[in-house]
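First chain A sits with chain B, and in the next complex the same chain sits with chain C.
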Partner chain A sequence: MQIENKVTFPRLGNYHIPISTFVEKTLNAKVCVSPAITKRTIELGTKHSPDFVCVPFKYNIGNYIEALENGANILIQAGGGCRFGYYGEVQEEILKSLGYEFKFFNINDRKFKPLRYYELLKKINSKLTFRKFMYYFYLIYKQIFAIDKIEDYIRKNIGFEINKGDFENVEKRFLVELKKTEKIRDVNNIFTKYITLLKKIPINKPKNCLKVGIVGELYVLIEPFSNYFIEKEMASYGIEVQRYINISYLFFSRKHKKSRTLKLAKPYLQYDIGADGVDSVAHSKELAKKGFDGIIHIKPFGCMPEINCMPILQRLSQDYKIPILYFSFDSQTSETGVKTRLEAFYDMLSMRKNLNSPLAPL
Partner chain B sequence: MKAKIRVGIPRGLLYYKHKVLWTNFIKELGADPIISPETNKEILNNGIKHSIDEGCLSSKIYMGHVDWLRNRVDYVFVPRVASYSKNDQTCVRLFALPDIVENTFYGIKLLKYNLDIQNGKTEKVEFLKLGLKLNKNIFTVISAYKKAKIRQLEYEKGQEARQIKLLENVGKLKILIASHSYNTYDKLIGFPVKHYLEKLNTEVIYADRVSKNNAIKASCKISKSLYWSHNQEILGAVELYKDKIDGIILLTTFPCGPDSLVNDLCIRKIKNIPIAYILIDELQGEAGMHTRLESFVDIISARKGVTRCR
Partner chain C sequence: MNAYLGVDIGSISTKGVIIDENNNILAEKYLWTEGNPINAVRNLLDGLKLQLNDDIKVKAVGTTGSARKLVGAILNAQVVKNEITAHAIGTLSLYPDVRTILEIGGQDSKIIILDDGIVADYAMNTLCAAGTGSFLSSQAKRLGVEVEEFGVHALKSKNPTKIAARCTVFAESDLVHKAQIGHKKEDIIAGLCKAVASNYLNNVGKGKKIKAPIVFQGGVSKNIGVTKAFEEAIGEQVIVDKYGHLMGGLGIAIFAKNQGREGEFDFNIKDMVFETKGQECDKCPNNCEIISVYRNGVLIDFWGNRCDNGALI
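And then the complex of A and B:
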């Protein structure tokens, strides 16, 4: 009897939706999405990972194990830059030594090259035509774009909703419907529908509310479980949150703009400092110039590119007189610790704002 | 006579790998290379003071050396070495050295070059640009680079040849220190390990005393997707030497990014040689390390059927 193929991949925010669509449509394979991240996921991950590897590795391992338990047998790991590109090989060894049986595909690519993906997918599904590949590629591009736009709107407004839970309800319904989309037109329609719905949600947003930008390492920025739902927590204080990094940014704009980002980071940076380090500096500078009240910088413990950019952020913080709060996340991070520090930061920001308000330019 | 320009070279990180090239190049150009002293407690503490908490110990020590030099020389030499070929890269900590140093010590005057083959920055061109800052005569600069390069290669060959001799010596237990050269040779990190191993009457073998090209090729046998050049060299040395040695010590500074993964893979894949994994952080005491080394040497002696004389 032939065993059915079930594909899985590490989770990252809500992006399992487009990735699943893509795998299902182009590979004609079943997808077994790893269960939503819980305490167990990270406990499993920590138990089976090298000691001080950066925390996304541990989440990935947890995701794989939970998906393997549900019958997944094809594991995919993307890669690129920094330590992430080397995750795959080590993870494959670890999972093998735990006795699981599976095939592991490591798409270890430094640059974003759709054509290479096509060749790779064709190896698994020989019937895949280039036309079909491009169609679904475009479809998931649309899906990703929709997710990012919707989340961005929510991030800026959820702290000010009048009826608690409005935004989350609409978001949930949006994700359910998005999952079912198979045509580009459907994605467009759903996006329009939900962005209109979101805009109708009553909010009470003061003109001079606190505005805080959040920068740092991609994984902990995007996967809310790994950052202890920091954006939600910020919203609960009535803060408007701005974040630049999401997947549309990563795939569809950063790669073409790397040298431009580096220019934005001048005079602080002269060279690429790895992974998202340059973005963190460039975006912090932009936030400071735009007059944001504060910046929160988050990273996994020991994350090298972000450690690289910290002395630079410290200097930027002095130059522009903008407070920056730094968080490092690991599997052991204490949730109360995060909350307390955030609260203190909020108090400090609002005090500064009140003191300055009569003088502050609009 | 005009005083010579003083160029400070921090005794840390890639200094240990490229020291002959660097010092000779600077000398040939008519400048005076000043190398910071061996790492000591004061350098370490100043390094810690000028670093982000979570940085690796090796890079903190480097910052201490920069700090020691900065008021004693005209320029501090802080190159950026990002990739040696199209297929590899170094640790991203090294990508950022000049930017970190300049943002930590405002107004410091650096001399730097940017070796990054993946982005078309070759060593030759970068050295010419650097050299012209110290000496206006382009011919002097070219010949300085050539001479320094030849000396570096000769030095590496000599080191390898000496080590091959040691490996033939059958009398003693041979232990390979598999670590970045800036850890192996640092006075506070690797030196105590080496020193104690020698006291235990073992022969210490070094991972960096091996032909780079051979090592990189050999590393593929253990790990096929590894792309950090320095870790490729270390892993390659493990592969090349594994039949000639009795034990391996993986020496890592906390919390080194590349090593966190590569060590794990190495331990999983190298099965028939005892491996000890020693992690060094700021607060290390030597006593713990001694006990570990002693029991490690006991294990491999027992395995070989020799009794260790004390």
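And then the complex of A and C:
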């Protein structure tokens, strides 16, 4: 008897929806999405990972194990740019030595090459036509675009909602409907429907509200569990949150020519400092120029490219007089510590802006 | 007369300040937390009450420090605020033109940069407790010296020993090593003070422009050896206030006074029975640890749950 293929991949924010659609449609395979990240996921991941590896590795291992427990037997890993590029091999070895049986596909590209993906998928599903591949590729491009646009709007406004929970309810319904889309037209319709719904939610947003940009390493930026829901926490203080890094940025609109991002980061950078380091500097400069009130820089503990860019951000912070708060996340991070520093950051920003009179007692 | 209470419950010590409407300190108390914040606050209130006249009425309460939430629930506080904001407000009330606040407490250390009386930047130590008060007091024990006398010993030294204090664990083994090969005790102590200052400046103070006037506070500021080491390293005068250890409490009291809301406060809280319970929520694999606080057997507050499934009230 042939065993049914069940594909899984590490979780990242809400992007399991487009990835599932793509795998289901192009491979004719079942997808076994790993359960939403919980404390158990990170405990499993930490137990079976090297201690000093960065925290995305640990979340990935936890995701794989929980999916394998649910019957997954084809594992996909993607990514690169830093030492993450070698994570796939190590994770495969770790999971094999734990006794799981599976096939492991490692799509490890720094650059985004759709054609190579087609060749790879064709190896698994020989019936896949190029036309079909392109159609679904465009479909998930639309899905990703929809997720990113919707999330962006939510980030900017959720802190000001009048009835608590309005935004989250609409987002939940949006994700449920998006999961069911099979045609490009459906995706467009659902996007229009929900962005209109979102815009109808009553908000009370002052013109001079606090605006904070969040920059740093992509995994901890995108996966809210790994950053202790920092965006939600910021929003709860009534802050508009801006984030550049999302999948549509990383795959589709990032200036792939390094020189262009580097130009944006001038005069602070002359050379590429690895992975998303240049983006962090370029975006921080942009945020400072746009008159944002503060920047939060987050990274996994020990993330080299982001450590590289920290001294540069300190200089930028002095030049533009914009405060920057730094966080490192690991499986051991204290949530209280994060909250204390965020609260102090908010107090400082509102004192600087003179929004809260009790804070300026003298 | 109206008065306002500020309580700063740190990992090592608990501080209480009562001020009048003009920010004058009417009563103050400093004692060890000893791992039991509820008990510490009870003793603190006893000590504060003794210093007050009968006609004084506490109108608002603020709490800060690492046990601020728990003690805030117990005291029914109007304000529960982080220690960074509290320290800035407290120090500004005494030194309106301060530009840099260096603060080293029991388990954390922070730097606050101010510009025209407004916090412009701050940093707090992350991940590591090297060079904080609890580190110094454990080393004092090892050397058989009271931590309060550390500074006096340090000043006697003419040739401070170099100690690798980047990490608490390494510092301790280096210290033992230096003692065993024959360095004098006062040299080691002076070296330790120096190491604390340089570690602070390289870690917490990294990338920050330290400008005078500089105020040094927190429990470790009482150690004249560290103050001296800071002055040498920065090349500026470092001010240590006699209320340096109370700034957090003072700040949060001022904050409580200014925030507008008032509430009944009664020192008899010390006669009530407070209990805390920790339990793991079993409604999903997140297993949030929920802490609930009971007053005389009645649940008054809880926290730790990430979603409404874990709500107890």
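Quick note on the criterion: the second predicted complex is superposed on the first by the 350 of 362 C-alpha atoms of A that agree within 3 Å, B and C clash if a C-alpha of one lies under 4 Å from a C-alpha of the other, contacts with A are read in each partner's own complex, and residues count from 1 in each chain.
Assume a contact is a pair of C-beta atoms (placed from the backbone, for glycine too) under 8 Å apart; a residue touches a chain by one contact, two chains touch by 3 or more.
Bear in mind the structure is a predicted one, so any value in this text is a computation, not a measurement.
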Chain B versus chain C as contact partner of A:E168, first or second or both or neither: neither
Partner chain(s) touched by A:I273 [first = chain B, second = chain C, both, neither]: first
Contacts of A:N106 with chain B and chain C, given as first, second, both or neither: first
Partner chain in contact with A:E343 - chain B first, chain C second, else both or neither: second
First, second, both or neither for A:E182, with chain B first and chain C second: neither
Touched partner set for A:D319, first chain B, second chain C, both or neither: neither
Contacts of A:S328 with chain B and chain C, given as first, second, both or neither: both
Of chain B and chain C, the chain that contacts the larger number of chain A residues: B
Touched partner set for A:P311, first chain B, second chain C, both or neither: both
Which superposed partner A:R40 touches (first chain B, second chain C, both, neither): second
Set of chain A residues, in rising order, touched by both chain B and chain C: 301, 311, 314-315, 328
Residues of chain B that touch chain A when the two form their complex: 51-52, 54-55, 80, 82, 91-93, 95-96, 98-100, 102-104, 106, 114, 223-228, 254-255, 257-258, 260-265, 268-269
In the complex with chain B, residue positions of chain A that touch it: 50-54, 57, 82-83, 85-90, 93-94, 97, 106, 108, 268-275, 277, 301-305, 307-312, 314-315, 328
Touch list for chain C against partner chain A, complex: 66, 81-85, 89, 92-93, 96, 117-124, 126-127, 206-207, 209, 254-255, 257-260, 284-288, 306
Of all residues in chain A, those that touch chain C in their complex: 35, 38-41, 229, 301, 311, 314-315, 317-318, 321, 323, 326, 328, 336-337, 340-341, 343-344, 347-348, 351-352, 357-362
